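The structure that follows is given in the form of structure tokens.
Note that the chains take the letters A, B, C, D and E in the order they are written out, and that residue 1 is the start of every chain.
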Amino acid sequence: MGRPGLAVDLRDVMIRFGDFTAVKSMNLQVAETEFVAVVGPTGCGKSTILNTVTGLLKPAAGDVRIFGKSLTGLNGQSGYMLQQEGLLPWKTAQDNVGLGLVFQGSSIAKAREQARPWLAKVGLKGFEERYPHQLSGGQRKRVAMAQTLIMEPKIVLMDEPFSALDVHTRRLMHRILLDLWQADRRSLVFITHDLDEAITLADRVVVMSAGPASRMVADVRITLPRPRDVSALQTTDEFVALYREIWSLLGAEVEKSYVTQG
Amino acid sequence: MSRRGRVALTQFAIVLGLILIWELGVWAGLIDSFFFPAPSTLVARIGEWMSTADFWTDIGITLLETVLSFLAGIGIGTALGIWLGLSPFAAEVVQPFIKMFNAIPRILLGPIFVIWFGLGLTSKVALGVTLVLFVAFFNTFQGVREVNPVVLANARLLRASKSSLLRHVYLPSATTWILSSLRVSVGMAVMGAVVAEYLGSSAGLGHLIAQAEGVLDATGVFAGIIVLSAFVVVLDAIVDCAEKRLLVWRPAPAHES
Amino acid sequence: HATEPEKTKLKIAVGSQILNYMPVELGVKLGSFKEEGLDVTVENFQAGGSKALQALIGGSVDGTIGFYDHTIQMQAQGKQISCVFLLNDIPGVLLGVRSDLADKVRTGADLKGLRLGITAPGSSTETMARYYIKKSGLGPRDVNIIAVGSGAPGMVALEAMNVDALVYFDPIATLLARKKSATALFDARTIEGSKQAFGGSYPTACLYLQQSFINKNPETVQRLVNALLKTHRWINATPTEQLVDAIPPGYKTDNREVNIEIMNASKALFSPTGQMDIEAAKVPLAVLSDFDPKIAAAKIDLNKTFTNRFAERAAQQLK
Amino acid sequence: MSRRGRVALTQFAIVLGLILIWELGVWAGLIDSFFFPAPSTLVARIGEWMSTADFWTDIGITLLETVLSFLAGIGIGTALGIWLGLSPFAAEVVQPFIKMFNAIPRILLGPIFVIWFGLGLTSKVALGVTLVLFVAFFNTFQGVREVNPVVLANARLLRASKSSLLRHVYLPSATTWILSSLRVSVGMAVMGAVVAEYLGSSAGLGHLIAQAEGVLDATGVFAGIIVLSAFVVVLDAIVDCAEKRLLVWRPAPAHES
Amino acid sequence: MGRPGLAVDLRDVMIRFGDFTAVKSMNLQVAETEFVAVVGPTGCGKSTILNTVTGLLKPAAGDVRIFGKSLTGLNGQSGYMLQQEGLLPWKTAQDNVGLGLVFQGSSIAKAREQARPWLAKVGLKGFEERYPHQLSGGQRKRVAMAQTLIMEPKIVLMDEPFSALDVHTRRLMHRILLDLWQADRRSLVFITHDLDEAITLADRVVVMSAGPASRMVADVRITLPRPRDVSALQTTDEFVALYREIWSLLGAEVEKSYVTQG
């Protein structure tokens, strides 16, 4: 019964850990070719929701549909860049990036060949032979990003992908992401705490309430024309208005959570 | 002095110290050489042995048995550990049986293996395998279950097949566990071979030791033990090499400075 | 009794529970030791006589029931142990060949080129086997000697044709005979067999103790010997059926019929006097010297390896 | 049906199947009951044993020896593992010696322990300890070195003393390693006690088995083995409880769904 | 020969990993009671420098002085919140926060008592009994922060402490940090990729060059009067000028690194 054209369709999804209800009732629809940003107070359940979309977590109630089909097992259409580090510590940067290709049957040599340009793209040329523990935090994040994107998944899910990067590198990564998205319009869901980032990249910004028993409180459509030039945009009235709106929605939620905690 | 040098020197000093105390103890009559013959006589005996061809045949036989039971035991134990580590249901069903088998004294199995496999190599290897297998199994089993859940999730999200997961995630993650079990197993394999020979055979180090023991020749027994020890040190050096090669990816061990 | 024993709690070792050693545990069961005011525990060393001997030398036990050979071997190594009561003056050992070879192998000399199973290297089965081979006119390398372990494995090795001949004791002897899978070349469970194999009687199991212990605790030793002699007399005076029922569990199979057969074949094993004949004592010395050049080189004083004085006194006391 | 129920049912089916095959095999004459007596006779024998007081004394003795050698072996092995795991120099010096000792067949150590410790409990426990010790040592040693370097650094930065580090970081981190070694060790402790009794004793399960073996009473040997196995299953259940309590903090094991 | 009044004094510090030179020559002086922010392109060596200040890494050359004394072993005066997660997985949130107190000889019960208000401060009331794996990324970061700050160290070192937090929670954490700093003026060094954060909090912002062989390229003094009200500040000319300056310094560095990588 999933609507046609929906890549991700969460209906009244509830997620519990034991008797702790992390997410009460989440409805999230992401159309094919849509770019959605998710923001919310820390600990509200953003990662949990992406885990549910990929099938890592089973919802306690509600429906998860991917391209109209109910999800069983792992989501085969998505690529997911986790919030925590999931690089294989026993593989070099290039082998980590090429990992998905190897899993799909590529030879190791061929996977490396394809991985190297991706490493260069994320600014890690010269670090091909490094093991994860020999990389800085931001470098590891970029390897993880390349590892996810090299697979060119239909649905790209990213959990705070750029928070460990400096502003400029972050812009470069935005470019890569947008290029990939525009070249072959995929669905993209990403979590961020940076509202500038959310507004400049996304078609819609979803705001979640503070946890526990979190839900969606707003779904802000970003109508700014593309391509968007960040530096120019940030001073426009529209941008500022959007920023203010989301900012105050979030602020209210965070305040509430401090009040309920007492 | 280099660290290696210091280590070697300390080891040398310890060995020398022990030998001196022992030798002097025997001389002074504090140690009964009937039970603990002086090191000098041990050295003499080993020298004597080394000049006979039989001794080298014995060594060769025991070595072959050791290596075979080591490899077979590790192979079976690791495979079993991986299988059960990955299938919780099978693990719960099978584990109690494995634990029960592990409790059977190997001395009792010796005669049964002779009945099943005859007096040749096979029964010796079988006994060694039963010693090695369990150590390898329990460690592999735990190692497979210890894999970092985030890393595993990530690999699964990259759509790794079961066999890819095994090869690229579970096995590398369990490597330290398996290697640690190899350390114990080397000794166990030697022990298995020797015990089997000791229980019945016509050649091998175990036979040599049993013979010495039969004629109450403590010198022969201890000389045999020393040869065994040398044996293990050599085999263990091989495991060391394997470890170095397999674990290049690790950060230097986290020690206090 | 005139004097009290110096030590009443005693540990006696046996090197596995073979029939030869049975009287000591039977004595415990019958209460012979208790009657003498002794509290005896029997410690079993399943891995063999040499372990029981080591326990004696190391001081873990007070006495050992073991092969007389040990007293000679120990003298060669400078340890004084002495046999005070001889349990068997014949070895009770057999050497048999697989039945399918029985036609070809009729004497020791026919063993040439065959594989002969013994219990353990260096054990008395090996020394006896080697002596027999030599006596039969063969060289030490003419027969392949393989250790097959005691008990069932040896039997299996013979039946599975892993070996062609075997040195064995009861109960294997009876079992093999019943299954007709082996034919004995000699059967030293009887005097005649012993003569045929070793040219005379051959003292085997005996109670030996450290000389120092004997010197310090003569009364205790005397009582030990009394109890053993009493037991031996009881064995020789009791009908086989009744004897079989009395035998402690470690020394009989769970088949009563077999047990009776075994006892019938082996009753001659248990010496009625417990005394050593100096002539007989020379046989093991000869056998051992043959086998171990160190013993040949050592000047063994057989008179220090045994004493009959306790057995003689026991015979008087028990009249 | 619950998972536990299914596990128990499968185990029951396996045991029943094996017993049936065995029993029928013996009946049909395919299995020589001289070597492998029928399960029914084994049950009968165990029943017979259970009605004698001696048997319970034997069990008690073996249990005591097992528990003592288990505890002592784990204690010494773990302590040694921690010490060497934390001091790389000492580790390099001492490790070869430990490996050498581990290769000495325990059958040969038996008589030496009898000489040193007499025939009582101590020598039995000593033999068990030499079996348990090495397993515990190698795993603890590795476990201590496997501690997450970031967690360790963090604790050190919070100015943990050496003993605090040990208690709050190294030991909890090595827990899975140590627990895994306990699994092997339980069996080893039982084996050690039984082998020691087998090598020289007047009571205990090992004595019982040796006695049966001496008179070719396969029923007795197998009955003894079965009692031993039951033994281990009980002891292992205790380790299981310990594991559950100690590892509450862990995420559920990372299995494929 | 350390200057008096200097809490941290790095002189020509060079840091190498094998034959990879991460930091070529770093000079960093932090006075007692000073609040310094470090910014720099990802992978330039920021974490490495804090590791050196705490004694986790030994420099290949140069001098590390803490309160005038050459550093040997671990720095006993500092508290360091690592970039990577260092919580003890086998301890609950409250036991993790109280860990340092236990190490100093407190009883466990007392440590818990002191830890609970700290957990409430960082917004984690109700999560006292959670194990780290049961917390979200941002929650873990806050536990780590409480763990470091509860010890009230003379020198507080923090490596990207707030990057995983939403904007509002981040402000609340800033408040806590500033309160602590002002109550008993400690030295504070923290690494961030958020320039707003750097400018609103710090006395000085240190900008590092891109790696490898990184060095300090600028040391910008922030003269904005305290207390600083973020929302009001952000539109002031002075703030914008500072932001621009640091922003372009960083931009040049990132560009350079992409050029050298080819």
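Quick note on the criterion: a contact is a pair of C-beta atoms (placed from the backbone, for glycine too) under 8 Å apart; a residue touches a chain by one contact, two chains touch by 3 or more.
All values derive from a computational prediction rather than experimental measurement.
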{"item": "Subunit A to subunit C, fewest steps along touching chains", "value": "2"}
{"item": "Top-ranked pair of chains - ranking by C-beta pairs in contact", "value": "B-D"}
{"item": "Approximate Å spacing (C-alpha centroids) for the pair subunit B, subunit D", "value": "17"}
{"item": "Between subunit B and subunit A, distance of the C-alpha-averaged centres to the nearest whole Å", "value": "50"}
{"item": "Separation of mean Cα positions, subunit C and subunit B [Å, integer]", "value": "38"}
{"item": "Junction residues of subunit C, two or more chains touched", "value": "54, 58, 151-152, 156"}
{"item": "Residue list for subunit E, restricted to those that touch at least two other chains", "value": "84"}
{"item": "Two or more partner chains touched - positions in subunit B", "value": "35, 111, 115, 153, 156, 213, 251"}
{"item": "Contacting residues of subunit D [partner subunit E, same complex]", "value": "150-151, 153-161, 164, 168-169, 172-173, 175, 249-251"}
{"item": "Residue numbers on subunit B that touch subunit D, as the complex places them", "value": "3, 6-7, 10-11, 14, 35, 86, 88-89, 92-93, 96-97, 99-108, 111-112, 115, 134-135, 138-139, 141-142, 145-149, 152-153, 156, 162, 165, 176-177, 179-181, 183-184, 186-188, 190-191, 194-195, 198, 206, 209, 213, 221, 225, 228-229, 231-233, 236, 251, 253-256"}
{"item": "Residues of subunit A that touch subunit E when the two form their complex", "value": "17, 39-43, 45, 47-48, 83-84, 120, 123, 125-126, 134-139, 142, 160, 163-170, 172, 193, 195, 247, 250-251, 253-255, 257-258, 261-262"}
{"item": "Partner subunit B, residues of subunit C touching it in the complex", "value": "48, 50, 53-54, 57-58, 70, 73-74, 77-79, 120-123, 126, 144-149, 151-153, 156-157, 160, 162-163, 292"}
{"item": "In the complex with subunit C, residue positions of subunit B that touch it", "value": "34-35, 110-111, 114-115, 118-119, 199-202, 207, 210-217"}
